[in-house]
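Multiple structures follow.
Below, chain A partners chain B and then partners chain C, in two separate complexes.
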Partner chain A sequence: MLLTLDHVTVAFGGLVAVSDVSFSVSEHEVLGLVGPNGAGKTTLFNAISGLVRPSKGKMTFCGHDLTGIPIHKRARIGIGRAFQVPQPMHELTVRENLIVAQHFGTGHSNPGKIDEILDLTRLGHKANRDAASSLALTEQKALEVGKALATNPRMLMLDEVLAGLETNGKRAFMQTLDDARQRFGVALLMVEHDIETISNTCQRVLVLNFGKLIADGSPEEVFRNPEVIRSYTGGETA
Partner chain B sequence: MFDLVAQSVFSGLLAGAYYALIALGLALVFGTMRIINLAHGELVLLAGYIAYTAESRFGLDPLAALPAAIIIVALTSVIIYLLLTRIRVDREINSLILTFGIAIMLTNGILMIWSADIRSTTSGWYLDSIIIGDTLFAMNTEILFAVIGVLVVGAVWWWLSKSWYGRALRAVSSNRDAAKLMGIDPRTTEILSFAVAGLLASIAGIALYSGKVIEPSLGHSLTIKAFIITVLAGLGSVPGVLIGAVLIGVAESLTATLWSSALQGLVSMLLFLIVLLVMPSGLFGRTRRRG
Partner chain C sequence: MMKYLSLIIILAGAYLAVPLQFGGNDYVIGIVVSALTIAGIAVAWAMLGNLGGMISFGHSAFFGVGAYGSALLAMNAGLPVFPSILAGGVIAGVVSILTMPTLRLRGPYFALAMLAFAEIFRILAIEMRWLTNGSGGLLSIPRLPTVFGFDFGSRLGGYFVVLTLVLLTVFVYWLIRNRPEGLALRAMHDSEDATLVVGVNATRLKAAVLVVSAFLTGIMGAFNAHYINFLEPDYAFNGSWTTLAIVAAIFGGYKTLWGPVAGALIVYLVDQFVFKAIMPSGHQLILGGLLAAIVIFSPSGLLPWLASRFRKEAGDAAHP
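What follows is the complex of A and B.
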């Protein structure tokens, strides 16, 4: 098992954002995480990457107990993350963003892999441009994924990276992700609103509602589950 | 008249390189962490007094005090950083109050240890003048530290733009959480940059001691000068610090020659205000984009 969550709860004061969630991710798996707004998807992501601390439960990644591992060390054991709103390092060029991620995320430099990532994310022609001012939204998102790939992750967490892209953009981006998965052998854990994309790409889907995990299975069975349908339609019978 | 102006511009250039040395440590910390270290001038002054002790007590050349100054000042600078990390909310604003308080403590510490007397170097070589091309005069110390100033600006520029820790520092400054997720420990990089700021203050302090006079109350005026140059340069621009500093140096020097030395401060402040009026983000500052 790559990642295992064992009865993880995240609470902010009295508000329970993630409640008693257990699941695991295996190597090379493509796993979707869906749920209505406020279901706790991003909080769960934050807990795995270390931005928030779970109040209960245990998380392990590749045999490491994540509890005592600070964020910057989680990158080194193989957890990569791309944000919904791209977070490029403004003051660095596109290539620098990647090589800094690689150097600090893996502890060594490998220019060959940087070129491969630039090629994969179709950012080669902008490699030496400023990350702040010269990238369109799609390219910023590609850089976001590229940065995460540069840290040599075994699992890549994608937080609504498709949001804001039009249909063709989405398709192209999914192609990039699929290439990345095949070339670098990473597992993908993706939060996404677009059910169609999830159904087409994920082997397995998790559904969160009010912080609880209400379904875990193949897209076909999950999206036929009455509880899942209820959570999406707000209680009306579908 | 021409000779006078030429001499004045030349002296201004030398003064500018020296000002750059004074400003660089503050510019580094301000540019990368948005922390204005109001105790920066006191750090410079502390190094000056260490050079004084080395010279008066142990008969050493002021420059020979550099290793000791670097250790003490860099350590002080790192302690300031560690205190700053205790601030949990509004780090940018609250750090002003904290560093202002530290500045007062340092001033009084200096006063206690070294008394209020004015000190200056007794090493003759530094104050000897040389003549360049028959017409231009300068003290050895001015030439020496102008050269060192330019070299140090180059070194800091290289460090920030090409070294791993420089890049990590810029990464942390652009986006702290994203930098962490890439494996960068922000604390290590920030401690390192405060230590480097201390090192820069040490060099500046020795330049100060071997070319001017020092007294315990000098710190805040050094901080103000460093701050003006940093803002004039534009946040985050290292070459801008040198150019801004030279601009101030030449303007002050020409004012003294052509008008009156009493108006030096006024003219450099006016220059500062005019530049900011026309270019609000400084000479080389980038307009920062968010999101």
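What follows is the complex of A and C.
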């Protein structure tokens, strides 16, 4: 198992954002995480990448107990994260962004791999010129994935990376992710609102609602689950 | 190519033309040495400001500690002057570790905490009479030596030493800036989460750059001690070592490599040779006005403004 969550709860004061969630991700798996707004998806991501600390439960990644591992060391053990709102290192060029990610995420430099990532994300022509802050949204999203890939992740967490893209853009982006998976053998854990994309790409889907995991299975069974349908249509869940 | 050519011209000018033209005039050389001393602090200050986003109001502490450290080592331990200048820098670097709790603070809070630290060191220098002779100061600090018949203790000798120190400071800054660590530091202050999730240990890098900046500032202080051969707390820990460096760095462009040097030279030389002649007292007022003007017209400083003008003209010439 790559990642295992065992009864993880994240509470902010009295507000329980993630409640008693358990699941695991295996190597090379493509796993979707869905749920209505406010269901706790991003909080769960933040807990795994170390931005927030769970109040209860245990997380392990590749045999490491994540509890004592500070955020900056999680990249080293193979957790890659792409944010919902792209977080480029604004002042640096695309290539410099990747150099920093590679140097600190892996501990060594490998210019060949950086060229490979530039090629994969189709950012080669912009690599050395302007600051990352001047990139268009699509390019910033591609860079977000590129930076994560530069840290040699074993699992890539993608937080709504497709949001704001039009249909062709989405298709091209999914192609990039698929290439990345094939070439670098990473597992994908993706939060996405677009049910169609999730159904087409993910082998397994998790559904969160009010912080609780209400379904875990193949897209077909999950999207037929009455509780999942209710959570999306806003009906009574009790 | 253009870059290397202009660098060679500037170096030739600095090492040959200035001494040939003004070498005999101790007054002019003395003022240039002061300008370069401020340039060195300005580069070290800008390094901390640009790499890591830490605006320090307390660099006079490192300047003073470097000065006192080197002077005392040379006077009491009989260390030769050049090694003791280096040791002064090391002492300032070590002392900066004491200020590290301030790294937990951000923006103005960091700046103010550093200001308080500088004040603490000034008071320590006054109170620790057994070591520093208090406000009586240190007299007859060993001067820079004569090497191969050339007297580095002369005004002109001091000029060559401080010029070399400033160039080395810029070189160190350049080395760090281009390493992945420097890139991460540049990115850190406005993209903190982005650097964290790719594995950057922000605290450790900030601490490291603070030590380097303190070391380089301490070197300038140590040089100054042996150049003027006299120290007292209110001089060595004077807040103007910080403020002049900040004015110089912001005026020249604190995000550029050479901006702080250009800023220090322009601001200090124009102040001493022009404004002081027009307005013998209170001439610093004009500096304040100049700084306000540059912040309004080109917030990133003089050098970036000149560079964009130059690029524009080159562009116009290429496409008439």
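Quick notes
FYI, the second predicted complex is superposed on the first by the 231 of 238 C-alpha atoms of A that agree within 3 Å, B and C clash if a C-alpha of one lies under 4 Å from a C-alpha of the other, contacts with A are read in each partner's own complex, and residues count from 1 in each chain.
Convention: a residue touches a chain if its C-beta (ideal position, glycine included) is under 8 Å from a C-beta of that chain, and two chains touch if they have at least 3 such contacts.
All figures in this text were calculated on a predicted structure; none of them were measured in a lab.
Partners chain B and chain C clash in the overlay (superposition on chain A).
Of the two partner chains, both chain B and chain C are touched by A:49. Applying the stated contact rule after C-alpha superposition, one finds that A:104 touches each of chain B and chain C.
Of the two partner chains placed around the shared chain by superposition, chain B and chain C are both touched by A:90. Legend: residue contacts after superposition of the two complexes on their common chain; A:229 is shown touching neither chain B nor chain C. In the superposition on chain A, A:71 makes contact with both chain B and chain C.
Taken together, the two complexes place residues 49-51, 71-76, 80-81, 83, 87-92, 96-97, 99-101, 103-105, 147-148, 150-151 of chain A in contact with chain B and also with chain C. Those residues of chain A that touch chain B in the complex are listed here as 49-51, 70-76, 80-81, 83, 85, 87-92, 96-97, 99-101, 103-107, 132-133, 147-148, 150-151.
Of all residues in chain C, those touching chain A in their complex are 180-181, 183-184, 186-187, 190-191, 193-202. Across the complex, chain B meets chain A through its residues 164, 167-168, 170-171, 173-175, 177-186, 236, 286, 288-289, 291. Remark: chain A residues 49-51, 71-76, 80-81, 83, 87-92, 96-97, 99-105, 109, 147-148, 150-151 touch chain C in the complex.
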